[in-house]
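In this document, chain identifiers A, B and C correspond to the written order of the chains, with residue numbering beginning at 1 in each.
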Amino acid sequence: MDDLQTPYAVKLPAFEGPLDLLLHLIKQHEINIYDIPISLITGQYLEYLSLMTSLNLAVAGEFLVMAATLIHIKSRTLLPPSETNDEEDEEDPRADLVMRLLEYQRFKEAAQGFESRENEWREVFYRPAPHGTDGPTDEINLVDMSLFDLLEALRGVMERAPTRQGLEIVVDELSVQDQMSLILDRLEREESITFTALFDDDTTRLAMIVTFLALLELIRLKRVRILQAELFGAIRVWKSTNLQPS
Amino acid sequence: MEEHELTAVIEALLFVAGEPMSLGRLAEVLEGADTDRIREALDTLRQNYDAAGRGLQIVEVAGGHQIATRSECAPWIKTLEKIKTATRLSRSGLETLAIVAYKQPVTRGEIEAIRGVDSAGVLKTLLERRIIRIVGRREGLGRPMLYGTTREFLQYFGLKDLSELPALKEFKEVAETLPENEPIRETAGDLTN
Amino acid sequence: MEEHELTAVIEALLFVAGEPMSLGRLAEVLEGADTDRIREALDTLRQNYDAAGRGLQIVEVAGGHQIATRSECAPWIKTLEKIKTATRLSRSGLETLAIVAYKQPVTRGEIEAIRGVDSAGVLKTLLERRIIRIVGRREGLGRPMLYGTTREFLQYFGLKDLSELPALKEFKEVAETLPENEPIRETAGDLTN
């Protein structure tokens, strides 16, 4: 019964990508990688893609791009030799592909080497935690700290604070406008401020200048008035409305 | 299993377990090896560890057996721990550092608003490690201190300057799991202006 | 300190460290003990650990020395339920890692050019497992992020340092090997295959 339900089993090896598939085909047909019979390989490649499609497997875009590349190379091999070009200048249309295959192949082989090392060292355990366990550890060595850790940490903290809006940084610019509203703000709470007290919060010369400009602006707009009760006495800043009740 | 093999396996088990292993537990792991033989192997192991020039010993605690350091070595172990803690950063430390790095100059209040927890201790640690520094004070009410990163910070991460910090949106290329409306919009480059 | 005392202290330090201890770090903890003497003591220790009936060994990984179990004991260690064996790296993971290891510092674009497939997801997994890390940015257009391997990488594969990586197989340039005077073009007949 089982045989009837599965009339044939298609063994479809998984490939890491089009290059991997091509290497497989090359090996399967015992082809010299430096002299690929392009039409044979193109045919085999397209056959594999249609097999994938018939099995409803998603064919990744990269496989289609490679199919187009193969067809293009094949078409170039069919063209008669160009007579205008020098024979020497003419490049084998397969050269690029062969280089890519060779380059990919050496890393594929290196990966196999890594795999056997992995198997060997997976049998070795350290204390307190065996090496290479998944998941972040609670503490991180400063030497091993990477930008990825920093970004991960930022992402984590931002995700945990989703509702807190207005996290944008207030750019530390000293604007006269801001200083003006700060002064008016203070005058809401205090009836009057001494001239010198206005500058209490200013740490830099620039800040003091901005405060002074803000004060001048407020006077010009008649929003505040400054009074000196006696000669050499304290200069006080009043809100205009306090002096001129409407 | 030969006696010396049994001893070897028990040694390895005590080493990785990191907690006292009782005879029963050992027998369980060794799939029914005879308890008497396990006891003998443990004795052999203990004797081996009692030889001169050993920094470790097999102690019997809390109903089990465990590998522990010898007390004579304690002063050096303490030194090591000190060095290790000085070079380690907790997860909260890393989080706080990330906020400082990307939002600098930033106040403690702003950091705490993001993290949702008190961050005075973490900031102190980061300051002591010289990864962050006080870069000034914010104008306005309370004039809170502003934190920023140091040159050491750049060195740790192999960065030439802050503009080299990858922005969260670039990170998105790598980690495509980020939510769409990321609250942080500025790139690090903007912050250095 | 006597030689056997030094050996003992080093053994205790390697036991508590839980990470590879470099000669430099050992010297730091041992407050200026001569590096040659430390090296000798380490050799003595290693020989002691190589005696029959030992379940532990001193391995040299990631630029340091560390106590580890012998692989023969692995089957029993794996039965301790709290011991998690690391998930194996996938084929794509190993492939990508190989490219990062040999070509570092390398950009995602370069990796994808070699593999011929999108590699963002694989890179993220490798980053999360701390086997690779972002090491900086490449100068030039787009300033893409550069990837490199970590200390965990060395530890995971039992490598002392990157120079221990086996040499990457070289291949001959295509131009040199292509049959010089043979017709490259195939006949139309071949196309019916």
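FYI, contacts are C-beta pairs under 8 Å (C-beta built on N, C-alpha and C of every residue); 3 or more make two chains touch, one makes a residue touch a chain.
Bear in mind the structure is a predicted one, so any value in this text is a computation, not a measurement.
*Asks:* For the interfaces A-B and A-C, which has the higher count of C-beta pairs in contact?
*Replies:* Answer to which pair has more contacts is A-C.
*Asks:* Looking at CA centres, what chain is most distant from subunit B?
*Replies:* In terms of C-alpha centroids, the chain at the greatest distance from subunit B is A.
*Asks:* Using Cα averages as centroids, what's the distance between subunit B and subunit C in whole Å?
*Replies:* About 21 Å separates the centre of subunit B from that of subunit C.
*Asks:* Please compute the C-alpha centroid of subunit A, do the same for subunit B, then give the distance between them in whole Å.
*Replies:* Once rounded, the distance between the two centres reads 26 Å.
*Asks:* In angstrom, rounded to a whole number, how far apart do the mean CA points of subunit A and subunit C lie?
*Replies:* Computed from C-alpha means, the inter-chain centre distance equals 26 Å.
*Asks:* Would you pick out the residues of subunit B that each touch at least 2 other chains?
*Replies:* 12, 15-16, 159, 166, 174-175
*Asks:* Touching at least two other chains at once: which residues of subunit A meet that condition?
*Replies:* Residues 125-128, 130, 141, 143, 146-148 of subunit A touch two or more partner chains.
*Asks:* Considering only the defined contacts, which subunit B positions touch subunit C in the complex?
*Replies:* Subunit B reaches subunit C through residues 3-5, 7-13, 15-17, 29-30, 44, 48, 52-56, 67, 69-70, 72-73, 76-77, 79-81, 83-84, 158-159, 164, 166, 170, 173-176.
*Asks:* Going by the contact rule at the top, pick out the subunit A residues touching subunit C in the complex.
*Replies:* 14, 16-20, 34-35, 37-40, 43, 60, 62, 66, 74, 77-79, 81, 92-95, 98-100, 102-115, 117-118, 120-134, 141, 143-144, 146-148, 152
*Asks:* For a test of understanding, state which residues of subunit B touch subunit A in their complex under the given definition.
*Replies:* 12, 15-16, 18, 87-91, 94-95, 97-99, 101-103, 105-106, 110, 113-116, 129, 136-141, 143, 146, 156-157, 159, 165-166, 168, 171, 174-175, 178-179, 182-186, 191
*Asks:* List the residues on subunit A that touch subunit B in their complex, please.
*Replies:* Subunit A residues touching subunit B: 125-128, 130, 136, 138-143, 145-151, 153-162, 164-165, 167-170, 172, 174, 182, 201-203, 207.
*Asks:* Please name which positions on subunit C make contact with subunit A in the complex.
*Replies:* These residues of subunit C touch subunit A: 15, 18-19, 59, 66-71, 74, 77, 83-89, 91-92, 94-95, 97-99, 101-102, 114-118, 127-130, 133-135, 145, 150-152, 155-159, 166, 168-171, 174-175, 177-179, 182, 184-186, 188, 190-191, 193.
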